[in-house]
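Heads up, the next two complexes both have subunit A, just with different partners, subunit B and then subunit C.
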Partner chain A sequence: MSDTMKPKVGIHGLTSCYGCQLRMASVQEILRVAQRFDIEYWSMLSSDGTIRHVDIAFVEGSVTTMADEEELKAIRENADVLVAVGSCAIHGGVQGMIFGEEYRKVFGEIYGNCTMDFEAKIAEPIHKFVKVDHNLPGCPPEEDEIMYYLATFAMGSYPEEKDYPVCAECRRNGYPCVLIERGEPCLGPLVVAGCGARCPGHNIACFGCRGPVPHGVAWFDSLARTFREKGMEKEEIKARMEIFGRQYEKMNEMIEKVFEHED
Partner chain B sequence: MKIEREIRNDHIARIEGKAGVVVELGDEITAKINVTEGPRFFEMITRGKTYEDAATICSRICSFCSVPHKLTAVAVAEDALGVEVSEQTTILRDMLYFGNMVESHALHLYLFVAPDYLGYPSAFAMAEKYPQLMKHGLELKSYGAMVQSILGSREIHPENAVVGGFGKLPEKSDMERILKSGTEALQAAVATVDFFAEYEYPTHIDLPRNHLAIRPHRGYSVYGDGISASDGFSFDIEKYREFIQEEVVPHSFAKHSRYRESPFMVGALSRLINNSPLLDGTAKELLSTYRSLLREDNCFANNFAQAIEMVYFIEKINEMAERLTVKKEERVQPEASEGKGYAVTEAPRGLLIYEMELENGRVASLNVITPTAMFLPMMEVDVRNMAKGMWESGYKDPDLIGNKVEMTIRAYDPCISCSVHVVRL
Partner chain C sequence: MQKLIYIFWYIRKMRYVKIANEQIHDFLNQLKQYGKLYAPVKVSDKFYDRKEIDDVCDIAFDYVRTLLPAKKYFIHPKEKMFDIDIENGTYDEPEEKIEPFVLFGVHACEIVGLRILDGVYLRDYVDTYYKRRREAGIIIGLSCLPDDHCFCNLRRSDFVDIGFDLFLHELPDGYLVRVGSPTGHKIVDECAELFSNVTQEDIAAFREFEEKRQQMFSHHGSFDNMRYLLELTARDELWDEESEKCLGCGNCTNTCPTCRCYDVQDIPDIDGKTAERIRFWDSCQFRSHGLVAGGHNFRETKKDRFFNRYVCKNSYFYGLGTSYCVGCGNCTYFCPAGIDYLGNLLRVRSASEPEEVVHEHN
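Moving on, here comes the complex of A and B:
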């Protein structure tokens, strides 16, 4: 491939922990990756770069300020393909837990009467503002997935997102079931695979950091029923499921339903 | 006030997170670090969560410091619940924390700072001309990442470190892997010290200041029970609110902190200023060779201090990996479900304070003060003095002044994601 055919990429961060960009920067073959692409923008690593036309833009973080929203729209206008990277960009992230009316109240409590120079807003996933072409899930994404996405783009192809839960990988690895055998509130059945069931492999219940499985098939209701059978209260179930799922449209409704029918 | 020139950068490159800087030059000179990254309300989103879930959420405050946040959140819950962990857990946590120090310092020095010194926009651009230097940087980064992956389950967001101990303990072969890469990493760290020792610190910003660092439990450690200041004063962590005040300022979503009404510094330099008598081994030797570089009045000495610390932490990891025979043990399960706790540790960028109240095993309140929120006011003072010094010496080119201003900011290794959450209500 000649230099002129190298795909142009931009790597951007909105509001987040910057872990997705850090994970991308720390893949083993980062120097070789950097040679295969023209990196037009990566402000975390380079003081040389402006938002200009790219083939692929990667965006980490949720939209949490007006400036985030404007920047995201500029990124979208200048990118042929836009990839949402990580749980904040895809689902709003843990900061997405403060929602609706609650947000104004909390903001007032913290910053009080001080009039801020910049405008902040509820943390939301980027698909609420622009068209997203691909999701690269994770908190942060795994090295093999980052390399897979980059490789497909380098070849002029596109990646396919996993659509099955952590449980599939957990079973394949032969780990004891944290939910059934140890009775702990494991979120594996809801959460998109790709981590190799790392936490269950460390005797720790899945915390859901990769976010719900895509295509609207995250069965919050059936897992809530199992948790209920194990003696958990509705509020306890919500408190755990909302950490990475609060902005999943049907989460609340599905949990409520379980308790309505069986009360 | 008459403004003759304004230096403005809305998005400073090569730092963690999003911040801008505005310097106004004229008959008066002002500097502001605009923290524009949106607030994420960690103290709110952890309310009502179990202490385990809260600690896991807290690691998301920042990726560069995910180990410090997780381990400090774990420590504060253990303090609240009166949990005493085993000696083995204490050692493994030190190793995990030190691994994070090495990776974080390596990322800062090689990916963020070195390009400034060598005149490149990025480490990628620098790699071709300085392959050996980049090799050292990547070796150190990978070494720190490996230690964190082995003990924490991965290099960012270490889910394996939990209240009472670890989900899964490392094997003998894991310790051997750590030891095996230790020698090479140590050589790279020593070379890093030599590299940073060659650069003279910019003038204009020499200013005596207070340095705050942990009062460590054992040796030059990241865990402790109080804070000591370079003015000779020291206090228990339970009393932090008496001595560290926070305030809201309009240009920053991060609150600003003061120690006894004045700006202060925290981080690698502050740790060495206050605690360097506790060093040993190669780091101690190197520091005595380069003693004059440990300048308490110049923030650029922080880069050198980080390099010295990498040497120290790698040697300590090696010692622990060599000595420790990991034995099987269960996590300690807390007996209590209520209580109030305090914890202070030394994150790569400086003091990290957690205060937590638990009711029925769930978080009733949490307060976190991060190092970047602590040093922001001092950083503004240094930025202003840098711009003022250059301006008054006849420099008029805003790009030139802007470049030195950014280098001053980078010397602190600011972590904007950390600074922006929510602080004391």
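Moving on, here comes the complex of A and C:
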């Protein structure tokens, strides 16, 4: 493949910690990645803010300001393929757990009456504003998945997204189940695999940083029922699941359903 | 010719020896000369799993079930199959040299499980990865006592007469050893100083153990008609209620000794010139298991997937005349949602047992 045929790539950061971009920049084979693509734009590595046309745009972060929204729309208009990278872009991230009235209250507590030169809004995932072609999950994504996604794109193909939970990898790795054994509120059954069940492997219950399994197979209701049977209260369960799943459309409804027959 | 030898082998009287408790650690150490030794050890507060054994004192003899079944040594949870040369359109399947290894302490249900996998992986289309490992694996069986989830007796997989090299039956002061293969003979011959002849007292103790064990099973009778009862009750509310509880996590299939579905994926290198093909354990409880080109899904809903496992496990494996379920109880024990597989089968078998079924069917 001649240099002129290298796919053009843009890597953008909206509101987030820039951890996903850091993870992408620190893959072992970054030099081979750089040879394979024309990197037109990279928020974290360059101050050049011009949005140019690219074949594939990777977007990290949630939409939290009007400027984010405008930038995202411009990225989408100038990209053939758009990939949402990480929990903020895909699910809104931890900042997405604050909503409505609660949002006003928290905003007031933090910023008081000061004036700002940007308009802040509730943090939302990017699919609420533009069409997303692929999701690269993680907080941040894992190196093997980053490389897999990049390699398939480089070949003119596309990646196969995982649609099964952390439990699958936890069992494949032979880790003891902290949910069964100790009744800990492990979110492994809800959360998309890819991390190799890193936390359960260290005896720590999964708290869902990678976000819910896609394609509507994250069973918040069944897991809420399981937690309830282990003695957890509704609010406790919600608090746990909201950290990374608040913006999952049916989460609240699914948890409420489990508790409605109780009273 | 080989078949003839096998026939002679089977009709011979089995060889029985005894090993005393004092000799068992020597024996386990000697087993290491036949290959890497893997046996059940305690891995956490409640769980056991098979690990490579350094100190034989770590081996747990009284374990009931391991986190992962013995299948993990024959179908690896995740493995590379071969390298692909994309530019030339070729692939290179390296002839993997498998060192012999010894699995100690395999229960009867798991031995039946491995024979079921043999039927699937070695019969019509031979899986060479599985075959090489199976040929390299020495199986040392161990008797066990059931817990509440065990129902191998209902599956006729509670006692094995084939599928092991040696099988150890617990006695008060040692083990009665059944020799089940030429390799088993070789081991007994080469470690002859550790074994003695079986006495009348040993036979009495063996009989007593077997009787005690049979009485310990919580359910008796047969599940031979289960497949048909399941098909007939497919529309029962039971399946809506139970699948509603399901987390779709796949623990039941991953911990099942006979679940053998795997997924295959090609992972290209960043240069686009080479790739590797990997395979890893899949589960019928996952959405993409029934997903085919064009976006159609054979098992669209969680209920479809849930019920599929019951039907699949309870269908017959004609090679052995038994069901694909060996009654180990792993899927119940390792279900985070507490779904009682045996309990559900009992409800299907008899509408009056347990009691809840009465109002559900009214």
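The criterion applied here is as follows: the second predicted complex is superposed on the first by the 260 of 263 C-alpha atoms of A that agree within 3 Å, B and C clash if a C-alpha of one lies under 4 Å from a C-alpha of the other, contacts with A are read in each partner's own complex, and residues count from 1 in each chain.
Going forward, contacts are C-beta pairs under 8 Å (C-beta built on N, C-alpha and C of every residue); 3 or more make two chains touch, one makes a residue touch a chain.
A quick note: this is a predicted structure, and the numbers were derived from the prediction, not measured.
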Side-by-side fit of subunit B and subunit C on subunit A, or clash: fit
First, second, both or neither for A:M5, with subunit B first and subunit C second: neither
Partner chain(s) touched by A:G13 [first = subunit B, second = subunit C, both, neither]: first
Subunit A: partner with more touched residues, subunit B or subunit C: B
First, second, both or neither for A:D163, with subunit B first and subunit C second: second
Partner chain in contact with A:G93 - subunit B first, subunit C second, else both or neither: first
Following superposition on chain A: angle at subunit A, subunit B versus subunit C, Cα, nearest 10°: 110
Closest approach of subunit C to subunit B (Cα atoms, Å): 13
Intersection of subunit A interface sets (partners subunit B, subunit C): none
Subunit A residues within the subunit C interface of the complex: 1, 29, 32-33, 36, 147-148, 150-152, 154-155, 157, 160, 163-165, 167-168, 171-174, 176-177, 179-182, 186, 188-190, 215, 217, 219, 221-223, 225-226, 229
Contact footprint of subunit A on subunit B as seen in their complex: 11, 13-18, 34, 36-42, 44-45, 48-50, 53, 56-57, 60-64, 66, 107, 111, 115, 121-125, 127, 134, 138, 141-142, 145, 153-157, 159-160, 162, 166-168, 248-251, 253, 362, 406, 417, 422-423, 425
Touch list for subunit A against partner subunit B, complex: 13, 15-20, 22-23, 25-26, 28, 30-31, 34, 39, 42-49, 62, 64-65, 67-68, 93-95, 97-98, 106-107, 109-112, 114-118, 120-121, 123, 139-140, 198-199, 201-204, 207, 209, 235, 239-240, 243
Residues of subunit C that touch subunit A when the two form their complex: 43-47, 49, 67-68, 72, 77-78, 86, 244-251, 254-255, 265, 267-272, 280-281, 283, 286-288, 302, 334-338
